[in-house]
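Naming follows writing order (A, B and C), and every chain is counted from residue 1.
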């Protein structure tokens, strides 16, 4: 027991950080795909589809991610699937992300200025073409800053995957701490590693936000 | 005749740009002074210097006994003696008319609730808006909001009142109600300094007119100078304002 | 699928769940109040003229917002204990939650305060109000009213995030669910019920905030327009 924090420990943490990064990317892609469907469903003219999407978002947004993790982990087990922790964690995070990013993207689609919707209609394009060629490209621009900002939340939320056994950064830290018994050192280093992953994203999101508001001001004058 | 506002050789620059050159004039108690000029002539700046919203680089300004260029000037005491009404009213949107007016007397002058209420009713009566006591600013017209702003300044019982182009943001048919309130104030003996574009009002009410041009006091005198301008620039200005 | 849903074992343990809910509520309410105060003070500090204070607040906000709450809780509970500062888990959880939500509240309130028209601040100063009086009467209330929806969402998220306190052995709702699950082996039913309870709590919280807003923001109640 005890000992000094050395390079081996740090490498082990870096391995955990790699899993954090991997889970973040995986969850973001999967969650993004489902989230896109959620966003479109939320503004669907078909009422039952809309209600279903609203119910889904309300349900997921009213549940802590930790509970979703447990539900995914135990849910898969009782359904007969013996899966590694990464699958359960990805499933939980996909559901979580899809609800939040779906709402963010819905807001961005709806904030494309009214004149754009109208002029697209007047160009005799079909509904699909209107969305694909006029609305979505503009929504994409508006959506970029909050999406990048949300990715920071995703990276931080992967820490909860430690609870279902995935050896990402926090779990790696707990294991290192078990042998070193130096929680302040270990967890502070872990916080620093998270900061290194997250801060560039936060900074980038702010920069995008600023650029977008400048461009918007130029267009409006 | 005591001078409430005394300005001597005031200079001010924003970076490399000179805004005010050697501005000097004096305002006596009970006088109404109209400061006129083109935009960029420095008229709003010199007004804002009088209650220390802007500082000066050199020269002296004395207002109601306060020496404004001294580092020890008591801003709070100064602002109790000098009231200001802004072009964009600047009423507090989350408070009713009565609350807007009674706020400062209650918390800056420590008046009791009853005293503040009496003051509020008195000033609202003076601007003829007593019935709008419980309305919120957004429910009032521009002219009504500006009259409330005047009442709000009056409630602090200032010795001097500054008016910074107070009718410029109003639709033409609303300026009349504000100007008539200001005329009443003048007749009541309030010392007023106004930056204005309303030439007819200046002619009628002002005791002294100060014409600013390129940051200098270009011409000054009684309101007669508007009828018989001496300098070429004032001639041009009055001609263009007709 | 051979799993049969049986809620009976779990329903029988409902009082335990309610104990957990009670603790979750305590964590949420205390952290919301303290977090709002700290966040608002931080926002005022960031806007102030003291450069050192502004930068310190900035560091606090950036570090907190770019590290996970779980790690923050582990540092406050285990980390501080290892250097002699032994805090009970309950207080450690509250401290971590307050630090966390304080940073987010700071940014929200800062945006609200920045949106106050500078003309009003000028007008207030010209009415002989001191800086502190200007903040209290002219800046804080309208700012809070403007960002009230964002604040509400933030505090609901805080309540949901209190589930992480289960990891430092605070017996709130999630910890209770874990315990019940390990006793009854009815994992899906247990967590489903816990999820529904959290959902219910989030609705109650939103309703509570709405009522509070209607009481405090009298202008909105009487006039009906947004700030």
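Simple rule for what comes next: contacts are C-beta pairs under 8 Å (C-beta built on N, C-alpha and C of every residue); 3 or more make two chains touch, one makes a residue touch a chain.
It should be emphasised that the depicted structure is a prediction, and the values quoted were computed from it without experimental measurement.
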| item | value |
| --- | --- |
| Overall pattern in which the protein chains touch one another (line/ring/star/complete/other) | line |
| Maximum inter-chain contact count - chain pair | A-C |
| Most centrally placed chain, judged by C-alpha centres | C |
| Centroid spacing, where centroids are CA-atom means, of subunit B and subunit C in whole angstrom | 46 |
| Mean-CA-position distance for subunit B and subunit A (Å) | 55 |
| Length of the line joining the C-alpha centres of subunit A and subunit C, rounded to whole Å | 21 |
| Per-residue multi-chain contacts in subunit A, two or more chains | none |
| Complex interface listing, subunit A residues touching subunit C | 58-59, 61-68, 70-71, 74-75, 77-80, 152, 156-157, 159-160, 162-163, 170, 177, 181-184, 187-188, 190-191, 194-195, 198-199, 202 |
| Of subunit C, residues touching subunit B in the complex | 117, 119-120, 122-130, 133, 137-138, 141-142, 145, 217, 219, 222-223, 225, 227 |
| Residues on subunit C engaged by subunit A in the complex (per definition of touch) | 1-3, 62-63, 65-72, 74-75, 78-83, 160-161, 163-164, 166-167, 174, 177-178, 181, 187-188, 191-192, 194-195, 198-199, 202-203 |
| Subunit C-facing residues of subunit B, complex | 51, 53, 75-77, 79-80, 82-84, 86, 88, 90-96, 103-104, 107-109, 136, 138-139, 149, 152-153, 156 |
